[in-house]
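Two complexes come next, and they have one chain in common, chain A, joined by chain B in the first and chain C in the second.
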Partner chain A sequence: MMKILVTVKEVAEVEDDFEIDGLGIDEAYLEYDLNEWDDYAVEEAVQIAEAGDDVEVVSVTIGPERSEETIRMALAKGADRAIRVWDDAFESVDLLDVAAKTRLLAAVVEKEDPDLVLTGVQAADDGFGATGVSVADEVGFEWAAVVNELDLDADGGVANVRRELEGGVEELTEVDLPAVLTIQTGINEPRYASLRGIRQAQRKEIAPMSLDDLGFDASALDSPIALTGMSEPESESDATLFEGDAEETAAQLAEVLREKGVGAQ
Partner chain B sequence: MLDYVDLEADLDEEERMIRDTARRFVEEKVKPDIGDHYEAGTFPEELITEMGELGFYAPNLDGYGLPGVGERAYGLLMQELEAGDAGIRSMASVQGALVMYPIHAFGSDEQKERWLPELGTGDAVGCFGLTEPQHGSNPGGMETRAEADGDEYVLNGSKTWITNSPIADVAVVWARETSAEESPIRGFLVETDRDGVTTNKIDDKLSMRASITGEIGLNDVRIPEENVLPGVSGLKGPLSCLTQARFGIAWGAVGSARDCFETAREYATDREQFGGPIARFQIQQEKLAEMATQITTSQLLAYRLADLKERGDLRPEQVSMAKRNNVRMARDQARIAREMLGGNGITTDYSPMRHLSNLETVYTYEGTHDIHTLVLGKDLTGIAAFE
Partner chain C sequence: MTVLAIADHRRGSLRDVSYELVSAGRQLADATGGDLHVAVISGNVEEFGEKLNLTGVDTVHTVENGEEFNHDVYAGAVEALYDEVDPTVLLMPNSVNGLDYAPAVANALDLPLVSDAVDFSYDGGLTAIREMYGSKVETTIEVDAERVAVTIRGGEWPAVADTGDAEISAFDYSPDGDLGSRVLGFEEVAGGDVDITDADVLVSVGRGIEEEENLELVEELADALGATLSSSRPIVDAGWLPPNRQVGQSGKVVTPDIYLAVGISGAVQHVAGMKGADTIIAINTDPNAPIFDIADYGIVGDLFEVVPELIEQFE
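Coming up: the complex of A and B.
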């Protein structure tokens, strides 16, 4: 029996044109969806479950009732059951920082005792990109970040992973289980939820968990980080539009590239 | 996305998830190359099994691995598929409502076991043979006949305007059983690889080009008597299938019209003439306002139909009204959207003219607009104008 815990997050997606309202973006310009990186993490877990026998995939999220739809999508794609952590105390928190998420998710990991934890590399909205590794540190698991290929040897208790590093460098490494892997986009091709899967997902369990259930009180959400302002970065675009047919525009582009030193020895 | 009176706000979670899945599928798998398929006159055949795996064929039926979703969810699926192209929606309509539905409703257990799982996954493709070269609006006049011969039937005749016949594994053929008293219309499951079956493709279409259409020729085709659909006799067999399919068409038309509207709205707000976006002109605004209103009222009709169908109270005449109204609406509004796109609107780069051209077919198939008018006339007066 192997257990995989996948953390997922419902992220806000902002329309192209939007307005800032105080410390946030006006709700009218937001749509909520499953975080793109988490979609790949779910797919990776489900593929492992389909390839092996007796693998349980449990999905966990921290989010309000609205986020049940997001986690239900993970269930429709093949996760077996889900946990949603929420509490009234969250309503008054502007910013849930990495340390707070780490405390909560680490408590879930300790309760569930999985062999493997998969998270997305980062969230598309606040983009800290730290939660997965931070959880590993907290619970004392091995970890690998930005994994874009995974070959799991469950019997040997080893995950063979390929990590994407800066500058196009890739690292092949072995990680002993239990481990946390943060999953990069492109590792697989996430499936669409089938209508049968969507229907079955309605009957799968989403267990609610409060701070109290995890052994905390509201102080677990305290953070030394405060959100003090929200502004749109000034974007300075320096675009040159080449005109003419392909030959002319190619010549103009070549000129610019030469000026910038491309091709110089 | 236009949903002006927030009908989608009342969807349940399952319905929203089905809508979102279908919408994403169309965005990622259909829209990128449907224009090229349209121009080439080809159907994206790789989508047949993909749509099957997602459960897009007859999802409102139960058993045999079918998901058994509600009628509103089924309608939303048809709406989203037709926002891609009516040819994609037609594939799902024919496979689900015209082939799987009659096998599910009127077939024997053996027929259901044999065909429903494979048709559901798209590993087998089905088609529906009712219309004949000389019998369109009056299917009761059909000439295709089946003659009992021992424990077999011998079929002769020809069917035309058959979606998917050239790629079909099985055809539901409606024919007069001439060896029985009063020659009733019966349904026959005809495997297309039987001797005497031909399925020529119709190549010269100017509408519904991203959809495969053909004929079915039956020349002394012998099938075992187990291939007769046991549960139905008479014209109500094929007509009940058409009621199922037309329900999907009433929803689909809202999808194609909405795609035209969204394309026109985006174009009008981006396209600049006389120093600003053309959307600032009253003439363009009137077009958008009217388009949005027409789409919204048709959408309301589709939602009401789904509620009636869900509780088992839907009458075929009500489906006729919705098919007639919604397809006419989509056809009219697609032309307005094309107008707003100016010269750019006549290329495959934009969807409205493709939808407009498809809707000429949708206006005519599954009961022409005029015949549905007469169905309503009969229902309202008690006097049939066509008998």
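Coming up: the complex of A and C.
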């Protein structure tokens, strides 16, 4: 029996035109989706489960009730069950920092006692790129960040991974289990949830967990890191923007390109 | 206030961000008239130590231990150095290797972590600027703690190049017990049919293209312009183009005369691979897309309308 815990986050995507309301983006301009990196992490876990026997995949999220829809996507793609950590105390928190997420997710790891934890490299919204490795340190697991290939040798107690470095170089590393791996996009081809999967997901369990259930009180969310401002970056653009309809703008661009010798044979 | 910055190196060379960490570190140390310590761990530390003897650096600590990065060695060494140097701010790079040890170190030392900072200041406490939502907004982060760990984004601080008069001192560290992870080797991603770094003109396609079938449209444009086709990462992740076409941090760094970005938002990791192009042109429906910040020319418009017109212009 092997257990894989996958952390998944519902992230907000911002529409092209948006407005900032205080310390956040006005809800009207946000759409929610499963974090891209976590989609790959779920797929990786499900593929491992499909290839072996007796592998359980549990997904965990810290998120409000709304995020259950997103969590169901992980279930529809093949996760066996889900845990959702939330509490009224979260409502008054502007930014859940890495240390707070680490505390909470580490408590879940300790409860579930998985052999492998998969997270995404980063959350597309706040993008700390830090939660997985931080959790690994907290629970005393080994880890590897930015993994784009995973070959699990559960009997040998190791995972052979490729870490994607800068400039098209990959590092081949052997990591002792249990481990936390942060998964990079492109490691696999995430599936679309099938209709059958979606139907089955309706019957799967999303277990709620409060701070109390994890052995904490509201002080677990205290953080020395405060979000104190949000603004649209001042455009540093000195681009010449062509005006007009598609035909007109294309013609102006074509002129610039021709001046630069493009297309001249 | 003392600042401790950890250099980044790989396969025999210091990475650019190491020199940027020196100016970022100096900026903070200056704010309080403190010292800047720089540490380099593993590899040819003697050579690296000399190179890191830069203006503004007070002490360089060299930690000899193996050739390449290993996060268990880094985490242990940085924690030991932290105890020795007693810094107020621990600065690390937001590189792929930084992602692999900085969060563990911050957690082990119980330091609040601000990752991927693009700017900061210090006035009794650290205030940092970081981006969110794929660079669509900028946030201010204030840290109400005596000490803090920060990772900096590459390319945001100037690189320091001038030699200084730092003390270079060897720091003794060896990990206790077996390491839980072992680096077995490296591999370059396969070359393939085309070398996009050779092209004078690149037509580069991003997620705005939506479907694999639509790639034909940009292929046609590349043909009409006599250009080579490249792409952002999601196109390669989806398997629509091979890895040797990917521009960016983990793909190729290209410096063509003309880079035409079609349906690419301009995420930092993409820009890292193409900001050196002579002329950057963007076609994007989103006027706020960060690609326009570095573009010389742009069309705010739908690629499915603009690209066919552009093809027509060259037929």
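What we mean here is this: the second predicted complex is superposed on the first by the 235 of 265 C-alpha atoms of A that agree within 3 Å, B and C clash if a C-alpha of one lies under 4 Å from a C-alpha of the other, contacts with A are read in each partner's own complex, and residues count from 1 in each chain.
We take it that a contact is a pair of C-beta atoms (placed from the backbone, for glycine too) under 8 Å apart; a residue touches a chain by one contact, two chains touch by 3 or more.
Every value quoted in this text rests on a predicted model; they were computed, and no experiment measured them.
Look at A:A28: by the touch rule set out above, it reaches neither chain B nor chain C.
In the overlay built on the shared chain, the residue A:M73 is in contact with chain B alone; chain C does not reach it. In the superposition on chain A, A:E171 makes contact with chain C only, not with chain B. By the touch criterion defined above, A:M1 lies against neither chain B nor chain C after alignment on the C-alpha atoms of chain A. Touch counts on chain A: comparing chain C and chain B, the chain ahead is C. Residues common to the contacts of chain A with chain B and with chain C across the two structures: none. The touching residues of chain B, counted against chain A in their complex, run 13-14, 16-18, 21, 24-25, 53-56, 59, 65-69, 73, 77.
Chain A makes touch with chain C in their complex at residues 12-14, 16-18, 20, 25, 95, 97-99, 102, 121, 124-134, 136-138, 142-146, 162-176, 182, 185-186, 189, 223-233, 235-242, 246-247, 249-251, 253-254, 256-257, 260, 262-263, 265. For chain C in complex with chain A, the residues that touch the partner chain are 10-11, 15, 69, 71, 75, 94-97, 99-108, 112-116, 127, 130-145, 180-189, 201, 224-227, 233-234, 236-239, 243, 249-253, 257-258, 272, 279, 281-282, 285-289, 292-302, 305-306, 308-310, 312-314.
Of all the residues in chain A, the ones that touch chain B in their complex are 68-69, 72-73, 76, 192-196, 198-199, 201-202.
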